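Same chain, two partners: subunit A is paired with subunit B first, then with subunit C.
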Partner chain A sequence: MSTDFHLDSVVQDDCLVIRTFGYVNNMGGKEIVKCFNEGFDHGLTKIVINLAESKVVNSIGISYLLEIIEKLMDKKGKLVFTNLEPAIEKTFSIMGLFHFAEHAATEETAIAKMGE
Partner chain B sequence: MDYSTLTGRLSIHLDSIQEGFEELYKQHSMPELAKQFAHLLSGNFMTADVNLFFREHDQDEWHDAYVKNSQAFALLQQLSIKDTFFIYENKGDYPLAFSLPVAESAQFVVLLGRKLNKTSYSDFEKLSLQMFAQLLANAYQAYCMQKKEKDLIFSLNHRIVQLNSLVDAGIKITRLKRDGAILSHGLEQAVAMTNAARGRVKIIKRNRTRYLYFPKGFVSRDFKNYTSILSTTFTFRRTSYTFEIFDKESRHGTIDFEMTDELLLESLSRQVHVALENRELGRQAVEKLRMEQEVAVAREVQQTLLPKQLPAIENYNIAGINIPSTEIGGDYYDCLPLDDGRYALVVADVTGHGIPASLLVNSFHASLYSLLNSNFTLREFVQKLNKVIYTASPANKFITAFFALLEPATGKIEYISAGHNPAFISTREKSCVKLNAGGIILGMLGFDIPMESETVFLESGQRILIYTDGIPEADNRQGTMYGDDTLTDFFKEHGELGAQEFINGLIDDVKRFTHGAPQSDDITALYLCREK
Partner chain C sequence: MSESVELKISLPKIPDIELVALEGLQRLASHLGISDDKIGEAKILATEAIINALEHAGVDELPVDIVFTMTKKRLIIFVQDYGKGFQPDSVEEPIIEKKLGTNKKRGWGLKLMRTMSDDITIESDEHGTKITLIKNLA
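Presenting the complex of A and B:
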């Protein structure tokens, strides 16, 4: 089965930056959680998820993002989303993600927020 | 506290259970819950080897909840698991185990390895194990309730997102400029809102089928196998559009689409349909506006061909009028002084309306000017004009025309009617004669068509009226025409009027008759009276 989803990640200033590409659905959500867990197991609790190349997110994808938020809350970690499409930002806001996570315009501002 | 006594040890376990509950209650996932419980047992029972297995329902397979030692699963297979709380005592690496039914028909089995101090589990420990088991049951129930609460909130929020997205999608779709973008956005939203794994739009136009896919990486073969599907079709401008979405996702695999998904898909499909229709109507409105602008320009150009003022002819009184219908008309009239002192009176009518008719009027006008002062007879002149019109006009466009050459001093009028309505000339007896001599309409045949001219004389007090069919064929709301007879009567009865008054009176009479009905054809008339 083809899919357009893929991601890459990089550790920068003690932050795990995950960049997604394509539809964030069940498969995309699983990939993000897998990438997050690898960093989390190595002690990374500052996470940036850049959704610049993901224009569509469904609610299953969002449930995986909530899973990440819950795990980070237990360890007093922080999650910042960046480069959100206005429609996705609105969806995240309604789903309550911004009660526990933040959002920033760019990766740089997100990393800067980690120190606050 | 004396920890060597039963009370002291019980106190330790009770404290540990209290702390354990607080810790377990905070856990958001089954693996974390199992892990924390295993740690709790390790600390209280002095064993490093605690393993938890879990199944959601009686008939389900056991799966690892927390496994310290992979060999523990082999013992689990050997146990005859009861569906009640039961403590199993075994020989070997796992001397103690218990089964625990919990909320929602789920069940745990916990296996405890040998104690670190190599001693056996005491009766007290077996007894207190029941308390820890109860703790796990309570913690699991709290976990289930918490999860249900979260699922409910998530589900409610998801419904709000769906409604919000439906409204936003409707707004965005109406703002998109291209049909492809409208369809793609509708598809994306349909897939995302229904949690479908993928979708496509099938577009069938003139037996040719093409697809739009979402997500973009998918191709035709990815749509052959699926577990669930939902589709809806609409047809617009002989093109069929089918929105299909496939495999509704859940965290536990593919599930069936629900009624809400069907409603969402149909709503989005309708929004796309309306947007495509609106775009088409918008395109048509722009095209209509462009056409109207072109027609306005063409009408303006055509009006410049008509005389602003007719020449003053000594001892004669002349007036003319042209009232185009709503479209650009094909009527023409003029009175042109010739080099030899005569005047050419011309009234013409191109078949049809609009830009093609207007262009032919232009050709007619230009040809008239270029041929009039040549030394042709009237018959030769009309024949030459016919050839030019034949060449210049499309197959279905012709011109009827009435040409009259007036010699002012004598009142001699030589005329030809090329398929035109007969002109009226008054007689001394206050009657009228219809001038019919001529030939067929111009532009129909490309050779020298037979044309007969006739000569009449206009004496003092006599009049001539040349007109187009817009006057006798003017109809009222009942579909009745003004008619030749009414026109004839008007002509006969109003000989006392000056030229301009006659024209004004005639138009008023026609308007009175049509009584506000839309003018279906151009109205043109040229009227000449000889005063002396």
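Presenting the complex of A and C:
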């Protein structure tokens, strides 16, 4: 079980795609927000977060993602999560994240959703 | 009779120590032939119960004790801390719409535990807190 969190990111079709690796705890959550802010400050408001390589999360880490939702709401942006483990998807659902964000099976389908 | 396996762990308050418990949980499941998809929610429950105990107990020097009791059909997660305790009924139900725009975005652990478990018991007083979670695996 990977404990060391890291991420990478790429801009594709005007979307910022953030791919996470490892445990999304408070530090992981902060790292995701930091990466988002760097893109957001350059005008990117279509965000994809791919959690394929994050098999463990906690609610403290996920609560940081609410900062992303806040900023995107102000700019009418869009956030799509992809590759969610079923238990993580249920966690997001219980927390209400899907009231303000969407989810997709893959990055490709997430990017396609951005145009809808 | 279904085989029952038990794991007891005492966790010190150090960063990400909950992952040690999750490794143990995974090992118990593997031993019983329980697939990963069936214990995914159990891992979330264990994580939330442990970080809740580590964060809110209010004492750094005392450990958090964990007992996992697992059969093929059911998992019991017992988490005990020796902190100052809390009143579960006084914990406000988190609602995302109320969290947005505030500095208080945390506080989801109890809601996750209550929603995702099949049963939850909380005993808390000034000597500490015991949380027992039941998750059906069958």
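Rule of thumb we're sticking to: the second predicted complex is superposed on the first by the 113 of 116 C-alpha atoms of A that agree within 3 Å, B and C clash if a C-alpha of one lies under 4 Å from a C-alpha of the other, contacts with A are read in each partner's own complex, and residues count from 1 in each chain.
Just so we're on the same page, a residue touches a chain if its C-beta (ideal position, glycine included) is under 8 Å from a C-beta of that chain, and two chains touch if they have at least 3 such contacts.
A quick note: this is a predicted structure, and the numbers were derived from the prediction, not measured.
S.K.: Mind checking subunit B and subunit C on superposed subunit A, clash or fit?
M.R.: Result for subunit B and subunit C: clash.
S.K.: Have a look at where A:D74 lands relative to subunit B and subunit C in the superposition and call it first, second, both or neither.
M.R.: Only subunit B; A:D74 stays clear of subunit C.
S.K.: Quick check on the superposed pair: does A:T91 touch subunit B, subunit C, both, or neither? Answer first, second, both or neither.
M.R.: A:T91 sits against subunit B and subunit C alike.
S.K.: A:H99 in the overlay: touching subunit B, subunit C, both, or neither? Say first, second, both or neither.
M.R.: A:H99 contacts subunit C only, not subunit B.
S.K.: With the touch criterion stated at the top, can you tell me which subunit A residues are shared between the subunit B interface and the subunit C interface?
M.R.: Common interface on subunit A, subunit B vs subunit C: 1, 3, 23, 25, 56-60, 63, 66-67, 70, 87, 90-91, 94-96.
S.K.: State the interface residues of subunit A toward subunit B in the complex, per the touch definition above.
M.R.: Contacts found on subunit A: 1-5, 22-23, 25-27, 55-60, 63, 66-67, 70-71, 74, 87, 90-91, 94-96.
S.K.: If we count contacts the way the header does, which residues on subunit B are in touch with subunit A in the complex?
M.R.: Interface residues on the subunit B side: 26, 28-29, 32, 153-154, 157-158, 160-161, 164-165, 168, 188, 191-193, 195-197, 214-219, 222, 249-251.
S.K.: Mind listing the subunit A positions that touch subunit C in their complex?
M.R.: It is residues 1, 3, 23, 25, 56-60, 62-64, 66-67, 69-70, 73, 85-88, 90-91, 94-97, 99-100 of subunit A that touch subunit C.
S.K.: Write out the stretch or stretches of subunit C touching subunit A in their complex.
M.R.: 16, 18-19, 22-23, 26, 37, 40-41, 43-44, 47-48, 51, 55, 94-97, 99-101, 105-109, 111-112, 115-116
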